[in-house]
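Structure provided below as structure tokens; questions to follow.
Chain naming follows the written order as A, B, C, D, E and F, and within any one chain the residues start at number 1.
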């Protein structure tokens, strides 16, 4: 299997982390790279969206949201009763897996680009939409059976005006309003450099993930298995739905990847405020230390292979 | 009116700021973006200058400087006697409005580029020249009638070797010495990315300006009105002068924008040292919270419209 | 002599530093630029290497390493007995001059690119190989005649997993594995921007070097003379070896530059841990304050001129 | 401010709490506060500071013993159970 | 340095004053100083630290009570009226 | 932790020592530590903090007088001769 070079940067970062190298991406750079990626993905989607019709998207959008909401509801009981995990942790992890990862999505986009496969521009709209509901469900799951007020105001604010949603949605609107022509002078920055920035970000992700793997190991095999099986199950849901909605091959892969991916930017921040009893090392460890590398190395190619197989039947 | 997408980034930043989003551009990135913009503008001008003759610029340069020096002398009495503001504040604000804003200039450059309108390469020389004199005038205005020594040495050093002048002038010289050919391998960095970096910088400017608007509101309507009327008056001076000097349409727009723009990088630093009694919240609030957004959204198109109108008469 | 504009950025930085300007490159940006340069040089070399055969490189590689190891062994006695410097300092400085500078190498690469001269792709392999041995030799030289355990583990770890080697070697492997085609989407980031990033890095180097020059002056003329003569001697070794090995003109210039350059990223970190008695102001002052500017302004053109002269004889 | 013995209250906490803690400090009537970015390690594990919310902040408030006590008590009640938190006071002499 | 009781003088001030304050500290004969970047809020409003000069620095000097007094007095005279400034001392025991 | 008088040990040192010092602090049995980036000047010259290893770190440990003494003694022996280093303690009252 020929890996896309970007995922090799993750490997390099992970090696540096495991070898306790003095390589460190400064915090300011990490923040800047993530701001760039969120904006660029948003702008990209906005420009694509400007070329498509919006009304026919409403029903598929609802379907994508509904199935997306199933994921945390599926994950929670597994974690709670199969994994014997505390309620708060089960809810928080479920929220992480119901939400999405922009970087995993970006790797899948790069995967398609390398193969010259097109996809629907509104996938980025789905990305924005899918980020939030799982967080709300996770908070509700955590609250059930406990008392005391949940900091809803603060939490909803954290979610809606958190930088993830704000930059994705903001980029989407700017790209949409401006359209392809006016965006032209911004292309060298936000399109041409995209994959290079992604590579640098993955380097840092490798550094971080390597420290998380050690942490997640403490919590036993169950969580590791969950962090691998859950995304595959979610991806299958995505493939079936994409196929059912008549989406393109590329679009279906992206939907599968969205479902399969677990959040580690928006979800941790929101859960830390709304579900303080949940141990963040567990959820970030699973999503960043296991699921993220699984997805970019094996998951995306696997989901692609499954999608192709299904589409070859249907075609 | 179709806005250039770069100004939409300002809007996005302002929304994030007003909504108290957790989006933050790290200080190191802000510093890096501003270093980049100053250098790139300088290099750009230097390369253009390398293609033009220098001697015929001396007289127009003097005219541009002289009229530029009028602006703080005009602003000061208005602030002092119409606005009843303390001497120090009147002088400091006058200095801010007499000096120039590199980012406003950049937005006007992008405005011209989007319309395919050319301009004189030496405009960047004017940008460098106009940055300083207003600061000196402001300091003198603040000193009149007070006693005690002014920290001239420290202040002049702050101005001449402040990063603004240094990077602009440095870039100008490098671009001029190297010329278009040798600059070629630096183009992807300093030219192609220019508008993208400007967009990111405007995102941060929006974040900052949103916090300044609240502050300036405290000081009453007078300052807000001043921050809108003053740039229009200055722009008109610029348009008349550009027209009188026989400058091109593009060049005249840039001169008007220079006069209309108010400094918020070099001036605040110099004034804080040289006129400590002036309240920085007032001057930065007016220049960044009101004049800057006014200029990029309404001012530049307005000055362009006025210039076009004048030139259609003359032609 | 028409200077490449990138070295003018060094001059601008040095002027800013000497004039005590408030221009500062934030630490995070410095770190990011150096990470970029190391990675980009590695990737560049890897892609070039993917197009060449590896086996015939083993013998020349050994020759390059052997001659490279001579340099610190030559420098040490000069410093110790001619310069009457303490053992620790002599050893540490010898290690700095035996190791290599990635930025000096980059300036030479840009020098060749501007002249359209090609070079062997495996030069970057030599760059990686030459970084380490001199450090080990320096440590051994410092230990001779003293007692107490050397922190070998810590030091070797510092060297092998220091960010320099890790990013260079990592980039090399990624570029090699991916090959030119898969690297294509990474080109805008890692190739097109290379010279621009180098320019910004040199700006910072100028700022830093200007503060080092003052420090090195304290230590008298001997060190300054050493910091100029030593690189020329090393370069001559490199030119003769390159010529003897039948390398191309461009390759020989790069080899000469590698030998002539002195480390200021990897070596200082390793020496500070392994030879704590050595005064870091001495070694960094000489390598960064004198040798680095000497090399980029005069050295590289001089070595090129010498190489050309030799090759014109041979040809 | 100068007559009475003043205390410096130092709070090290997860960076995500910055805005909440600051609001509380202002509500309790402090005359000011100072914040800086830090990293560290404690009962809640390692805080590397790789990114903003993976690090700690240090919040410092100079105030009367009573004010510092009130703030510390409030923080202890609300955040000690679930968040990384270290709080201590030390006597200081104001010089302005 | 160890015999006498030493003080730690902490100065929080607008970042633009960094070089001026440092020069003064050296002129007064301090053996060293330490500076870090901070943000905060006080009588002069919010100092967000979005960019270098929109933030504060914290300057720390370990020295004799006399030295710390001299420095603080000088700063108070020159900068308190017009700049954001907080200064306090606390007793410390040197360990090297 | 609250019964006994606690000390805050502050160590300012060259940034390259960060990992080594931290390992030692944990080995000596501290319950935690806090690190921040600083710059400064002292006997070993100016530490500008232009890049990571050209600056200083400040390492803070709250612990018993005995622990702080042990750590300071160890650092003094191993690093004072060759590295930029400043160490001092001050009494603190834990609030959690």
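Points to keep in mind about this one:
The rule we apply is simple: a residue touches a chain if its C-beta (ideal position, glycine included) is under 8 Å from a C-beta of that chain, and two chains touch if they have at least 3 such contacts.
Since we're looking at a predicted model, the values are computed, not measured.
Steps from subunit D to subunit F, taking the shortest chain of touch contacts, total 1. A centroid comparison over C-alpha atoms places D as the chain most distant from subunit C. Look at the contact of subunit B with subunit C and you find different residues on each copy: under half of the numbers used there are shared.
If you compare C-F with E-F, the chain pair joined by more contacting C-beta pairs is E-F.
Separating the centre of subunit C from that of subunit D, both taken as means of CA atoms, is a distance of 46 Å. Taking the mean of the C-alpha atoms as each chain's centre, subunit C and subunit E sit 40 Å apart.
Here the CA centre of subunit B is 34 Å from the CA centre of subunit E.
Within subunit F, contacts with two or more other chains are made by residues 36-37, 52, 90-91. Residue positions of subunit A touching 2 or more other chains, listed in rising order: 24-29, 31, 188, 193, 269.
Of all residues in subunit E, only 9-10, 12, 36-43, 56, 58, 68-69, 72, 75-76, 80, 85-91 touch subunit D in the complex they form. Within the complex formed with subunit B, the residues of subunit C that make contact are 2-6, 8-9, 12, 15-16, 19-29, 110, 113-114, 188, 192-193, 195-197, 199-200, 203.
Put simply, subunit A touches subunit B in their complex at residues 26-29, 31-32, 35-36, 39, 157-158, 161-163, 166-167, 170, 173-175, 177-178, 182-183, 185-186, 188-190, 193, 269. Contacts from subunit F toward subunit D in the complex involve residues 6, 8, 22, 26, 31-36, 62, 90-96.
The touching residues of subunit A, counted against subunit D in their complex, run 24-25, 27, 30-31, 34, 154, 204, 207-208, 211, 215, 268-269, 272-273, 276-277, 281.
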